[in-house]
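Look at the two complexes coming up: chain A is in both, with chain B in one and chain C in the other.
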Partner chain A sequence: MMAYAAFARSGFLTSLAYRNEVWANIFGKLVQVFARVAIWLAVYAGVTAVDGIGIKDMITYALLGGVVMGTTRYERIVHQVGKALKTGDVAIWLLKPVHYPLYLLAVEAGMSLYTFLLAVVPTIIVVASVYGMLPPASLFHGVMFLPFCLLGFTIHFLCAAIFGVLAFWLMTIFSLEWLLQSLITLLSGLLVPFWFFPEPFGTIASHQPLAWLVYYPSAVWLGQLDVGGTLLHFGLGLAWAALLALALALLWRRASSRITVQGG
Partner chain B sequence: MTALIEARGVSKRFRQHKRFPGLLGAFKTLVTSEYTEVTAVSDISFDIAAGEAVGYLGPNGAGKSTMIKMMTGILVPSAGTLSVLGRTPHEQRMANARQIGVVFGQRSQLWWDLPVIDSFTLHQRIYDIPQARYADNLKRFSALLDLTPFLDRAVRQLSLGQRMRAEIVMSLLHDPKILFLDEPTIGLDVVAKDAVRKFLAEINRERGVTIILTTHDLQDIETICPRLIMVDHSRLIFDGELGRLRAALGSARRLTLEFSADPGPMALDSATLTADEGLRKHYLLEREDVSLVQILGEVGSDRGLKDVALHEPDIEEVIRTFYQRRNAAPVAP
Partner chain C sequence: MRNRLAILPLLIRMHVKSQMEYRGAFWLDRLAQIISYGAVLLILWILLQKFHQLGGWNWPELALLFSFQLLAYSLGASMSFTQLRELEELVRLGAIDTLLTKPVNTWAYLIFSGLNIGYVGHIILAIPVLVWALLAAQVEWSVGTALFFIFSLLSATMVTGALMTMIGATALIWVRSNHLFSIFFGFWELTRYPLGIFPTGLQVVMLTIVPLGYISSVPVAVLLGKPVPLLGDLAAPVTLLAGPCLVFIAIIHWRYALNRYQGAGG
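== the complex of A and B ==
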């Protein structure tokens, strides 16, 4: 266990190694969130509420989307896994008393913590002080937001790692990365919250795992789910995470046994 | 004392998707599922005892890296049995990993963006090295390989020689019983090569770490490894001491005689003339028992002999001769 904590620390320190990236990151995030807020301001021009959702809710949603999504970088994971498998660098990790997927998770957690503290939090403070942001709907919702974010991070990581391992058998890393990018943009609720989706797409979208990346954490903060609904969806998210973890474990086992038999 | 590493008839065959040349061939490749088998290692057996230093030598594509990968447990042999420290490496990869150290000349195990020392502390966590032992090893190895000046520098800022020294130190921090090195001196300059060789020889001698290294550089073997295993075209062709290889090949020494005035054509009984430049004549001494005194006696003191040079065959020459003879007559020695 000590080893994985040390991996997370190294991930954090690696991110910190490039100081200029801190500023570039904050700037990039600010532009993104401002753009998203601007879209909603235009949509809500002259209207106080759409389907019972006010502009304040939407600004908050756009900001929170930036938090949850801005923390983890799927392209980094897909790339790292894909490259390690294709070039055979993964052999180095097979030579150590370490489980490679857990190692990746630990490093990514460290890197994400870095992004959260040094890019996401400053962005939120700036945007919130310009446009204002709603507090959590209740103490319960505020408290539950955090575990939802962690769950979102885990599912995000698992999906990206699965795509990375798939690169071993399928096409190029880039095409998988783009595929995942479009899936996440649409199905996480990042671009448009599901409550604006026409039926049955709204229902379908809210039942797939990527919904836990942005939609559910934000919905919890805004109080769109009652206490029972919040707990139920937390459980459902956990079930998705378990299923994805199993899928990753199986794929990883196939890939690594192929490496040890075929040499990659 | 049983062997630390035991290889019995180990073979490794890879299956490769058969590819057809040309445009039509490219389409054909898409739809066929024909395979060609490539043999990387075939029927290799050897024993390596604790404390040995073995050089694993062979031309490109002879199956050196494949053998190292099988011994470290990241490749499964197609046939034969392999036992390392009493285990089958690929079945108990994790347990095996704790007791071996591995260095790849071509692949870095250090964290690119972090100071060297951070990679080391990470290594300490991965292998659960007790603090006292870790500090002690770090101090000793860093001093031996002169690592202290750049321990705090990021790996990406190091020269190749510094990086390689750091890689080797890291691979030894957890006191492995066996150290595998895949071309550890590749791309290093003379000074760095020398430092690495001396260090490895010392680690082997003082700490009794068993060393197995693959290399192209024969100098590596001359300084570090008393024992040599040679492979070619996936097969084992020689296993024994370097000295024995020399002896087996008759160790043809080269003799150069220099005269103050050209004595004309001169044949000797004990040596064969290979080149005549007039003032300077080159001979080959094929027989082991011929001494320099004998030759000088034969030349005589009245020929104006100015200088004599006798060259022991260097290892490159020995091995070149070995490969040539083998290719000429494909019979194992």
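== the complex of A and C ==
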């Protein structure tokens, strides 16, 4: 366990070493969050509420969308796993007394913590000070937002790692990265929340694991789910995370038992 | 000079041949990109199904904006992005020194030896959407409109290539420049939407410091006869001149960066 904490620390410190990239990241995120807010202001255009959702709700939703999605980078995870499998570097990790997916999770957690503290939080503060932001619907919803975000981070990592391991069979990281991007665009709720999706697509979208990346954490903050609904969906999210972790473990075991490293 | 340029088609042929060596993987990658951009288009459609308009633009008009942006970007980026993104690594490892000693223009060698035909996926999606949107958006066609469409697309392509060249060339001075591409793509995503919906400060930036407004929002607004913020009636000539002007600036910047290059290692 101490080893994984050290990996997380190293991930944090690695991010610290590339400050230019972090500043560019902050700037990029700031622009994107401003843009998301501008899109909602444009579509509402004077209308106070649509389907019971007000413009203030949507500005808050646009800001909160960056908490999980702005913190982690799925392409970094897919790339790292895929590259390690393709180049054979993974063989080194198989010799070490650590579990490679857990090592990746620890490093990603460290890097994400850095981005969260130095990019996401300042971005939210700046944009919220310009456009305003709604507080959580209640103390309960505010408290539950944090575990939902952690769950979102875990599901995000697991999905990205599964796509990375699939590179072992497909031998292409590029297309896996793009496919995951399309799924996240469509099914995380980052750009459009599911309550604005036409039915039955809204219901279908809210029952798949990527919904926990943006849609559910933001919906909880805004009080779109009551106490029972919040707890139920947290449980469902945990079940999805467990299922994805199992899938990753099985895929990883299968991939690592079939690895043939050529050259030397 | 002619002999030196004659090598360029050969470089392109060699690179295309190497890219097509793994044909299955190549087309799988293209399919993934088409699906990914298709997802963005689908999200835009879902939004418009609910709200009908975005900043006064309806669904066919936004589809036109999306496809124009994708086409201009893919044409410009195929001649610049991946090649100049790799320049940072060439500088860091000192491999750029080898290119500098070749009896051929360094930029031309870099670009044509890495011409990215992978953007064919973007084009496969962009062209049908563009054709449909041009028909559905009720553009008032005339010889002038048709010429404006062709030349504004050309100018938008030049803007993309020029900006990427300038970003990439910065690696010759700073060694690292890829983080600047993050900023580029941050702004680039905004060009899928009408310029008028953004705060004035952002509009100014997108028409001056990061002039990505000229790769889609401005030309498409002119084509549709929609008001262009800040530029007004000057929008049409400015968007046509933006490409050639930025290419000129990019040439100066490239030469300056090349003169400043002192190597990154020992």
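We adopt the following convention: the second predicted complex is superposed on the first by the 258 of 264 C-alpha atoms of A that agree within 3 Å, B and C clash if a C-alpha of one lies under 4 Å from a C-alpha of the other, contacts with A are read in each partner's own complex, and residues count from 1 in each chain.
In this text, contacts are C-beta pairs under 8 Å (C-beta built on N, C-alpha and C of every residue); 3 or more make two chains touch, one makes a residue touch a chain.
Quick caveat: nothing in here was measured; it's all calculated off a predicted structure.
Colleague: Please indicate which partner A:Pro135 is in contact with in the superposed arrangement: first for chain B, second for chain C, both, or neither.
Modeller: Neither: A:Pro135 stays clear of chain B and chain C.
Colleague: Quick one: classify A:Gly52 as touching chain B (first), chain C (second), both or neither.
Modeller: Neither partner.
Colleague: Looking at the overlay, what does A:Ala42 touch: chain B (first), chain C (second), both, or neither?
Modeller: Touch status of A:Ala42: second partner only.
Colleague: Who contacts more of chain A, chain B or chain C?
Modeller: It is C that touches the greater number of chain A residues.
Colleague: Let me test your reading of the model: by the given contact rule, A:Ile92 touches which partner, first (chain B), second (chain C), both or neither?
Modeller: The first partner, chain B, only.
Colleague: Counting only touches as set out at the top, which of chain B and chain C does A:Gly228 meet: first, second, both, neither?
Modeller: Neither partner.
Colleague: Considering only touches as defined above, state whether A:Asn20 meets chain B (first), chain C (second), both or neither.
Modeller: second
Colleague: If I apply the document's touch criterion, which positions on chain A are contacted by chain B in one structure and by chain C in the other?
Modeller: Touching chain B in the first complex and chain C in the second, residues 18 of chain A appear in both lists.
Colleague: Under the stated contact criterion, what part of chain A meets chain C in this complex?
Modeller: My answer: residues 18, 20-21, 23-25, 27-29, 31-32, 34-35, 38-39, 41-45, 50, 170-172, 174-179, 181-183, 185-186, 191-192, 196-198, 201.
Colleague: So in the complex, the part of chain B that touches chain A is made up of which residues?
Modeller: For this pair, the touching residues of chain B are 14-15, 66, 69, 72-76, 90, 93-95, 97-98, 102, 104, 107, 109, 111, 113-114, 118, 121-122, 125-128, 154.
Colleague: Can you list the chain C residues touching chain A in their complex?
Modeller: 25, 28-29, 31-33, 35-36, 38-40, 42-43, 46-47, 49-51, 53-55, 176, 178-180, 182-183, 185-187, 189-190, 193-194, 197-199, 202
Colleague: Which of the residues in chain A come into contact with chain B in the complex?
Modeller: Contacts found on chain A: 2-3, 5-7, 10, 13-14, 17-18, 89, 91-92, 94-98, 259-263.
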